[in-house]
Structure formats: C-alpha cells, structure tokens
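All remarks here apply to the structure that follows.
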C-alpha cells in the first residue's frame, strides 16, 4: 500500500485494507473528475495566497487536467493499493512532478476533499434530475391533455367511487413531479455550499482564502464552520436521497397503478409489447416487469435514505470513518432515480388507454354521488339526499359520462383539469433551469 | 355509532370500530380547531356560489365558532361513537341547526376535510418550529461568541486530532440549525397548498369555487388535481417529518457530544445539577438523562418518517384508509421536536466550559499538524514536512493554544469563526418570520 | 418529585421531568404486575441469603400482593411525581412498612428490575400470541378444506397465470402462520432468561442467589453476565418485535389480497356487511377498512422494530437511558399484533367465496401451461411444447377446472393440498402449548 | 436476448433489459452452483417419475456437472443476453444436448428454481456463520479468562458507575454471541424447507415427486403450499438478514466500545499498530477505522433488512418481480457479516488491556455502592445506607479493587464470571455443528 500516511516502519494488516477499502473504488471512479476539479481550484488558491509559486501552479493544473483525461479514457485506473482517489491523485502528481506534487495537499485533508468532490457531483446530478423531472412532467401532461375526454373509474379504498378520467389520473402525476422538483431544489441548495478549506474538520493555521475556491467552483456560498462541514456529511447526503426518494414515491404510484390497470381484471391500458417480458413456463404471459422493479427500487432508495440517516447517529462531532458508506448510497440512489424517470418516460410513450373497457367499467353505483348532487342542486339538504340515494341503491342506472365530465366545472375536476396552469409552471421551471 | 354513512338496516361489528378508531380521537382532538377553521371557509364558499343561503351561512358560522370554543374549554368532547371529528362536527350542527346542519357536507368529503385540517395544523406548527430554531441558533451563537477564546481538542475518528475551540464547536450547531431552517421552509411550502374541494379525490359536479377557500384560508396556492391531493397524503406528512428529523439529527449531535463531554473521562463541561438525574442504587451518580432521551427521540422521529413513507407504498391512487396512521405520526413528531429544541435551549443556558480541563487536554500530539504547517510556511513541501514530523513524534511538545487560535485567520478557523455572518443570516430569518 | 435518588439539597428542573417521564407511566401500568411478581421473588431470595429476616420477608410479600390487587382494581395509581413504577413500589412499601420497605431495593437496581418485569411480560404475551396463531391457522385451514374444490385464478406479476383454488390460496396462510410460530418460539426462548441480580449492570458485592430467583420466576435459564443483561435490552425487544412483525407480514398478505379480491373488478369474495364501513359522501360504498388499517399497522410494527433496533446502536456498553423508549414500542407491537390476529380471524368467519365469479374468471389463457404439459406427457420436449402453445395462443379455449384439480396430484397442488400434514403440525403445537 | 420466453415476432426494448437485469448477474454468479445442484436433483426426479428416460437423465447430470466446473474455473461466464442464470443453464444444455436440453425445464419454473437455489445457498452460509460465531465466542471467552483479574470502570449513562473488570466486559460479548447463534439456527430452520416443485407458484399438472427432491437435496422438510413458497420469498430472506443483523449489533457494541476505549481520554486498550490507519494531514494519528467501518456496516445490514422486509409489503400473493431485489441484499448481508466476524476476531487477538490506566481510572466515587453495601451488610436498611453515603460523597476514597472482585461472589459478578458455564455451552454447540 502506498498510503499518504505511511511512515517509517509501519505496515498494515491486509485484512484491514480489505475490510475498509472494498467497494470504495467503484464510488471513487464516479467522483474522480470532481476531485480533480476541486484540486485545480485548490491549487489556484494556494498560488493566490503564496503557498505555491506560479510555476508550481501551472505544473499542477496541467497535470491534473491530463489526469482527468487519462481517467476518462480508461488509461489511468484506480487501484486498491492507493487506498482511495485522493491518494491516487497525490501519488500521481508526486511521481510526475516530484517536489511540486508533494505540495498539492497543503492546507487540505482528505476529509474536506471528499466533501467538496461529493458536493460538485451532487450539484451536477441534481441539475440533471431537475431537467428530467420537468421533461417527464411535460410528457405526462401531454398524455393527460390528449386523453382528457376518456372516462375512468375513480377508486377509494380500492373500490369504485366516482367518475374520473384518464386525463385527471395522468395529470395528477404531472403535478406531483412539480412538487418533487421543489424538494430537489432544496437538496441542490444544501449541496451548493463550499466545504473546501475545512481541512480535517478544524481548518488550518495556513492563510488560505476560502472565498476564492467558493467563487472558482461556483458555489453560491461558503460553508463556514469546519466542524459543521464534517457534521453535514451524511446529513446532506441523506437529505439528497430523501429528495430523490420523493420522486421514486411518485413513480411508485404510477408503477403500482399500471401493474393493476394492465391486469386482465382491469385492462384499462395497453402497453406496447416490447416493454413487457415473458415467463419460462407459461407461454401466454406478458408481464410489466419494469414497473415491478421500479416498485422494488423505491424500497431500495428508501433503504439508502435510512442507511445514511442512521449511520451518523450517536457519533462524536467531526469526521468519523463510518461516513465513508454514504458515497455508494448517494451514487446508487441517483442512478436508480435517473433510470427510473427514463423508464416511466418510455412507458408513457407506449401506453394506450383501452377506451371501451374504461367506459364499460363505469357501472351504475359510480354515479351515486352525482345523483346525490342533483338532489342537492334541487335544494335537498346534502345528508338527506345522501340517505335517499343510499336507501335506493338498487335503482341506480348507468349515467352519461360525457355530461358528467362537462358538468364538472371547478378547477381540478374532470371538466376543468387546470392543464394550462401546470403548463405555465413547467415553462417557468424550464426557463429557470436553462438560465442556471 | 352515529356514523355519517349509516343507512337503514346497517350495523357495524364492535370489533371493527375498535380496530379502526382506536387512538384516532387523540389526534382528532389536536386537529379539531383546524377542521372548524376550514369548515367555516367551506360554508362561506358554499354561500358564495349559492349552494346555501345567507341565513344558513350565518347560522353555520356562528355554531362552528361556538363549537371551537366549547372544544377548547373542554365542554365539547370527541366520543368514539362519532367515529371521527368530522362526524362529530356534522352531527353537532345537525342537532343544533336541523336541516341547515345537513348542508355542511355539501361538495366535500372527509377525505379533503382531513387533508385541509392537517395542512393548516402543519403550517401553524412549522412556523412555531421556525421561530424556535432561530432562537436556539441565536442562543448557541451567543454561547460560541462568549467562549470563543477557550481552546478544546478537536477529534477525528474519536481520536485527538487538532486544536479547536469551544466557540468553534458551538457555532457549528448554530450554522447547522440555519440549514435545517431551509428544509423546514420547504416543508412549509409543500403544506401551503389548498386541497379543499378535491372531495373524495375526484372533485364534484357541484359548482364550487376552490380559489375562494384558498384565499380565505391563506394558502399561497391551490393544489389543483384532486387525485394528487389524495396521493400527496402521506407524501407531504413524511416530508414534513423528514424536515423535523433534520433538526433532531442536529440536536442528536449536540446530545451525544454532551453525554461524552460531561463524562468523567472528558469532563469538558459542567451542567447545572437540576438538569441531571440520579440513580436508585449508586448514590454518587448525576446522569444527563435528558440528552440520552433526546438521542432516543431521534430514532423515534426517524421511525415515524419511515412509517409514513412506507405506508402509502404500493397503494392504488386515491384515498386509502391506510393513511389514517399518518395523523398520529405527524403530531407526535412535531411535539417531540418542539420539546427537544426547548430542552437543548435550556441546557445551553446551564452549561459551563471547564476551561482548565479543556486546556490540560491539549496534549502535544494535537499540535503535530501545526508544526507541519510551520515547516510548510518555511518552504518545505507539505508531504515532506508531514514525514519529518511523523517520524519524530516523540519530540512533540505542547504548544501555546492562544497563538494557535490567533494564527488561524481563514474564515471558519478558530481565530475567525464568522459569527457576524451567521448573525446576519439569523437577523434576516427573524425578519422574514416576523413579516409572515 | 419523590425520587429514590433525591438527596439533601437537590432539586430537579420541571422541564427535565416532563421531557424524560412523559408517556412512561402508560407503559409502567402494563408492566406493573410483573414488577410486583419479580419483587416478591427478590424479597424471598433476600430472605434466603439472610439479607432480610423472615418477619420482613412476610411483611414485604403481603404488602406487595396487596399492592398488586390495589393496582389491578384501580385504587393504586401511578403518578408522575413518583418518576416510575419502581419508585412507586418502593415508596409505597416504605410508607406502609417503614424501615422494612427501605430494604426492598437491597442488591438490585431499577436497571435489572425493568429488565425482569419486561421479560415476564413478554413471556406471558408471547404465549398468548402462540395460542392465537395456532387458532387462526386452524380456522384458515378449515376454510381451505371447505372450499378446496372451488377454482380460483392464480396470479404472477398480478397477471393471470395458472389455475389455483380457494383451498390452495387459503391454506398458504395456514402454513405461513406455522412458520411464524417458530419465530415467536425463538423470541420466547430469548426472553426466557433471568436478568435479575445483574443490578445496575455489574452485579453486586452482596451475596445474592441468582439461581433462586431464576427458579422461582420459572425462567428456564439465568442470563449470567450483568453487562450482557443490560446490552440485551433493546436487542431482545427488537427481536421480539421482529417476530411479531413476521405475523403481521403474513396478515398483510391476507389483507392486501382481500382488499383487491373484494373490489368490483375481482369480486372473488363477499364479506359480511357488518365488517365493512361506509363513506360520508358516496352512499353506495362498503369499504374493507379493517384490512387497510391492518396493512398500515404492518408498517407501524415495522417502525417499532426499526426504532428499537436503532436506538441501542453506537451506545457504550451498559445501561443508557435511551433504552427507556423500548417499553412502549414493545407493548404497542404486541397489542397491535394480537388485535390484528383477532380481526383476521373474525374476517375469515365472515368471508364467502363467490363461486360463479371465480369460475367465470378462469379465462382460456390461464390453461396454457396445462396444454403445454399435455404435450409434454405425450413426449414433446418441454421447451418445444411451450413454443407450440405460445405461437398459437389465439386457439386456446377454456378447459374444465374440475379435471384440472383432479389431475393435480403432487403434494401441494390443488388436488393434493396436504391439509392433513398441516393439521398434524397444528395438533402437535397445540399439544406443546398446553403442556407448557 | 436469448430468453426462454422468446416467441415468434417478439422483441424487447433494450432499456427494459437494462432496467431489469442490471446487477442481477453478480448475484446469479454466487447462486449458480446451487442452481446446478438443484437442477441435478430435479433431473433425477424427472427420471424417477418417468418424464425423462435414463439416457436423458445421464446426459443432463453429466453436462450439469461439467457446467458447474466450467463456471467455477471461469470458463463459463454469465452474460446479460441470457437474462439470468436459469436461462444460461437451459440454453447451454440445449446447445450441447439438443432435444434433451429442452426437457430440463419440465414441471418447473424459474420462480421455484431461484427459491431452491437461494435456500441451498443460505443453508450453506448460515452453517459457516454458526461455525465462525462459536469460534469468536470462544476466542473472546479466552480473552476474558486471561484478563479476569484486571479491573475496569463500569459505566451507566456513560458515567462511571461501579467497578467491573476486563473479564466481565469481554465475556458479555461471548454470551451475547451464543444467543445470536440461536437466532441463526431459527433462520437455518426456515431455510431448510424444499420449495422445488411449486413451479410458478401453483404446482403443476405433471406427476412430480416433491419428497424425492426434498430427500436428495437434504432438506429436512417439504414446503408444501406452492403459493406459500412464493409468499415466503422476501419473508425468509428478511428473517435471515435479521438474524445476521443480531450478530452485527453484538459486534457493533464491541466496535463502539473499542473506538472510545482506545481514545486518548480512556486509553483502556492498546491495539497492534498494523490494525490502525493514518491521516493524510495529521502525522500522529492511529485510527481504528476497522471498528468505525463495522459500525457503519451495522446500518448497512439493517438497511438490507428493511429493504427486504418492505419490498413484499402490499403485493398480491404469488410471484412478483419486485422480489428479485432480495438476492443482492441477502448475499451482501451474509458477506458483510462474515467479514465483520473475522475482523473482530483479528482485533481481539491484537488487543492488550492497559492495566495501569484501567486501575488509575477507578476513582473514589465508583466505590460508592460498595460502601452502601457494607452498611447494608451491617444491618442498615438499603435506602438509609444510600442516603448516608450520598450525603457524604466528599469523604469517599479509593478502595482496593482486588478485594472488590474477591467479594463479588454471585454468578455473573466479577469474582464469579461463570466462564465454565459458557464454555460448556460452546462445547455443546461445537458438537452439534460437527455432527450436522
């Protein structure tokens, strides 16, 4: 092991390295370019305050940029013997630049290095998430607009309740995603604070300029207190995963609805066959595996949230190695969420309402409340109207669903979905993202 | 049972009522005044659109206001036979107003009624939470300012790492709470949407005016889609609890630090004796039970988050009775968090740094990195300086902690805590809350 | 406050008591008789080893027995000023017996007192749970036997898969409960260890006889190490809740199946109307609230499991106040589980298969695999037979379900459910419980 | 894709395969040899009941055994195009054996195939876990025996409480592991049921002999009901992970104690340097990373438990694709637990009590309860003795720890640890494992 902390006459037991490092390199490969980016800003700052000279600055920047490219194209590989990406970077700089390389770690620690790389990564991915949420919200809204005249039974307690419509069903998810966007934005805001310069968690006696790296790395503010920088590890990751989880929960509802609504008993929607899978024993099956896996992935992201939330509990303030585990949890949660948004997007593009079945499923009792309302409109007190209809359920007959939709006039009802309001909100978010 | 849905010849099995209703009334007692508030707005709206007349409006408002007072002073009690608060309110109105009372439920369902009452409750309590967070952040900042010159060992991996200070330790929590404030604000924003008028989850064929109730109830926006209104139950509660949990996690760090830092081995702080408790068998004990209970309460609030997050998983869109469970989880989480903020506030007011012990604990090795930095300042490449000190650890001696603090000049370091920046942020939040 | 640890000149801040004690008394009321039972055994042991005399023993036993009765009939009430049940008991004994009362706490601590009371409570309730599981398993098995000839579609991926039967569906839960019984038995075994005499967590210098209390309290073994006694707090509770959770998960499957299978789209079962509830707005609704609440209760018990599992994490060995939280979690979990078993039992007694609908739902494709198997029986390699049928799905026709059941001969298949094997296992468990 | 269910004119969207299959192959590589083992038993059974002939049986067995070897030595690799291991196996048999290969899937489904492979894997690994637990329990007991005369402060509420000893501290974990062994045994018992022959979840119309495969695969019983076989997926995995989690929680206590007890403030134990790691910025640090990572791994295993417990919630009975996620959760949990047991074993072999520091930390107040007990032995009622000492704490002096240990005579106390009883239990478990 070529660790940074190896001194004369120290050796590490191989079982120790194995227990600590395993699975870490995978995460470090993802964070690597962001570690480089922060290292460049760090080197520029060191030059600005005079801790390295212009020549050293130039050499370090050049070599860091080369390294980023070599890593991207697979020439430079992280190896277990280097313990982590931070070590790999410093060792590489020392090998190529000699004494200059030994200066890169001036006034920083791996503790703030991993923090800043993770924040840059999160900001990058949360922006990608925002873009994809808006796109999905838009596509679902289009679907709602297209099918707003197709009726659909509305359920409470999994029992037929009142008339709804495909448009009302679909636009509910469009609106839900816009709320999820707000939570993602808060996660972005928490990540948008520069922890670099907090060093091991107590700052340094060297005269660094933290506002300089804040500016160069485009953070909108400095995270001031070094102990808080460390204590926010796990905290910000877990909140970020919570934000992603909210998206997953919205998608989970879509997934679960579609698993049921494409079953033979409901048969409300047809899915393009290439999105379904078969059985090894039953030749007739077309299963909506993608939505079942999505449901399971909701539990998976939740478990990452619980993990990161729990791992920092009851720990002394400051850096603790326990927090290493948060890297993989964060990266996996982001990837799963992005993939899940894509798969739902693909599904909505290949989903067709089965209009005849939807209409035939509007059985008489689903119109009971409408009949109550007609009595109410005629002046009967609501509870009396309710009793009248309730005591004569056997006389209910199927009503016209078209006029039901037409008579629903308030905002949000099947006849007035408020699509234009949601569209306006989407347009605003689109605009705000593009100007970022 | 005088349920709203009782019709001719229906009876309920007593075990059913017991299984469903138990523990619900406790939550309903908390939400009751908010249900009344929303019922008044609903009645006003019904009058505006002509579904009731002026006389009926006047009677309903008056009786609802009376009911709020009777409930507050304990004259009106929720009973199990009324199933829930919604039923109790309608039954009361019908008993006192006859036919007029039977009109209150026009164009609404208990499904949107509980949603709107919960939102009003949450908004109220989240504002209280914000006020208390700012106050606590301010008090801790004052503590930090007062003790900023007292040194304290900084720990990484629970091992002595570098010199820190009581001011740096304390202000870390002040800054943390300001981030928590942001998350609470997002929770507030999600709650600040009017679900009233979504009825059972599909709107109504009656011509209600949802913008009217939005305005009267001071929601900043309407939650448009009725299905989303129902699907956001559990979602908004779980996010609200997540926001509260972030506060609990900040307090958990304070609690755990203080449990250890007041132990005989650290002895860094003295706590006023009236805040500690004793043992039934060991006469010498003074235990910091309050901070241990706070640690446990962090797990408790987390479990409420998991519960509300999980309970709506894999459910069909629209209202499902499963979600009833979220009421107690939300109310308990808010109460625990508010109580925990108060107890930490009380503790900081009765906490004294043990300066002599803090200084004597700054053993030589804690200054190792400072000595490395001195070599760096003299031009030795960092990694070489690190090796030099690292290979001569036995020669380390205790350094002057005063000059260590003085030499720490960058923002966030012990000599430059940035208290004025945090103070400015607190002032702004205070201002924004007061103008709410 | 009349705390046991009150000494001269100590006072407690009222906020401290409120924060620590709240909600504790409710749990202590449940554990009270078990604390008395253990106190009696403790007093007998003290007499045996000579730490109290015969007279004192007699007085203590008599007064403890009286106290148990006064508490049971509501005369003796736990008050907040007594901090907890242990304090209330000792204070009562001192008030009534003077000096003798002051001897009851000899060689014990509240730490081992709460442990032993909790174990006795758990053993009692786990036995009750075992009895109720067997009874439910038996009732469901009877239901399966009765309806074994009624066909039912089998689902995979929520899609029609192969022919099943009401008997096969129901007996799956009977068998599941028998596995749950095994887990409950392990929970019982862990609780069946005597922690009394571990005192504060390190034993005592007084010459107590721990085997004596083990025997008198009918524990099958002594939990030897006092530190382990304390460390097992939270551990044994969380495992006990895990065991209860397994039952809840079995019931959750029943609940979720029935919510769907009683919906209009499936309509496989009819539930007696007195077990359903209505809607405040839709007069036609009959909702299966009890099964929705049961689903939610599964999440609730799981959250208690997570809470108790997490709360002891990262704590120093020995007693920590954090663990107080486990009392309510344990008691609630047990009550919820027992109530849930009862409600499912009630439901199965009021559940009727809708035979016509079940038969009409056996659409042609559900017999596809049977046709493959017929080709296989004729010597066609399976995968070829699968392809043949799979490429001619449009030619499938409805098959005779009676002969399908008759042709299913292997153990577990619809024609050979193995009910007699399950019955034998139930009989054995019944026998083992009765001889306990 | 060469899927088993591919028919004429069906294609799969590549995004579908990516979303479903990713990360599955890693798990399948672990389960592969167990799938082969079960396939061999299945082929033998098919021959026994006449569904294949002797020749086909011989060919299938031979090729399956070859395949196991090719996979073990890396020649045969699972590829994404084969969807899963089951498909890879059948495709391989068809390629090499033609028509005979097409018969292997007769009367089985991938649903029961993955169940049986997982059970065989779990049984194998749980036995390995049992062996390792006993070994660790023995090594810790040896450590306790060796250091039983070295005193150590005992803590409650993280505050010095009463005298304990290194032996008492260590043997608490030895006893804890023996309880964990019992839970693992229950997990083993649940896994020790044969699900093969349940096919897709409803059995088959072919005349298979399930008792035959039960016997050949050495399951101690048949899992009868095919629907329960499917419903127990997730259930048995989550219980298995719960059992592993109990071990992790025991190790977590060791880990957390040692993180603190090796800190400079406690300094109770010295750890061999090769088991510690260093810092990139602070040259003096020796961190016990392995125990911090172990603490984090406890949260990780818990999150797997929550994931598998939650994923099957609210799903319809029978196979659902959601459950695929349980494979990785199970495998990872087992690996982490086994590695964690090893690392703690290694640590105890390199751990030395720092006797002088342990003795010097026995400050006067820790003997307070002993002095109370001396008064009690002289006939003073306990509560009076407690008050007497409690009101004169300033007069306490350090007592002789040797005589304190000697005077502690009851079972479990420092003078009578009951090591021989634990040793006897270890011997019995060792014997039972070896005769398995």
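Brief remarks on what is shown
Per-chain residue numbering starts at 1, and chain names A, B, C and D are given in the order in which the chains are listed.
We adopt the following convention: a contact is a pair of C-beta atoms (placed from the backbone, for glycine too) under 8 Å apart; a residue touches a chain by one contact, two chains touch by 3 or more.
Nothing here was measured: the structure is a model prediction, and the numbers come from that model.
In summary, the chains found to touch both subunit C and subunit D are A, B.
When chain centres are defined as mean Cα coordinates, D lies farthest from subunit B. Each chain gets one centre point, the mean of its Cα atoms, and the points for subunit A and subunit B are 23 Å apart. In whole angstrom, the spacing between the mean C-alpha positions of subunit B and subunit C is 31.
Between subunit B and subunit D the centroid-to-centroid distance comes to 36 Å (mean Cα coordinates, whole Å). Among the residues of subunit D, those in touch with two or more other chains are 4-5, 7, 90, 105, 155-158, 161-162, 199-200, 260, 279, 281-283, 285, 287, 289, 292, 295, 299, 302, 306, 310, 313-315, 320-321, 369, 386-387, 390.
Residues of subunit A that touch subunit C in their complex: 155-162, 259-260, 263-266, 279, 281-289, 292, 306, 310, 313-315, 361, 363, 365, 368-369, 372, 386-387, 389-390, 393, 396. Put simply, subunit B touches subunit A in their complex at residues 4-5, 7-8, 51, 90, 94, 99-107, 111, 154-158, 161-164, 168-169, 171-173, 175-176, 179, 182-183, 186, 189-190, 197-211, 222-232, 235, 239, 242, 245-246, 249-250, 252-253, 256-257, 260, 295, 298-299, 302, 306, 309-310, 312-321, 369-370, 373-374, 376-377, 381-384, 386-387, 390-391, 404, 407-414, 417-418, 421-422. In the complex of the two chains, the subunit D residues touching subunit A come out as 3-7, 10-13, 15-16, 18-20, 86-87, 90, 105, 108-110, 199-200, 273-275, 277-283, 285, 287, 289-290, 292-297, 299-300, 302-304, 306-307, 310-311, 320-325, 339-340, 342-343, 346.
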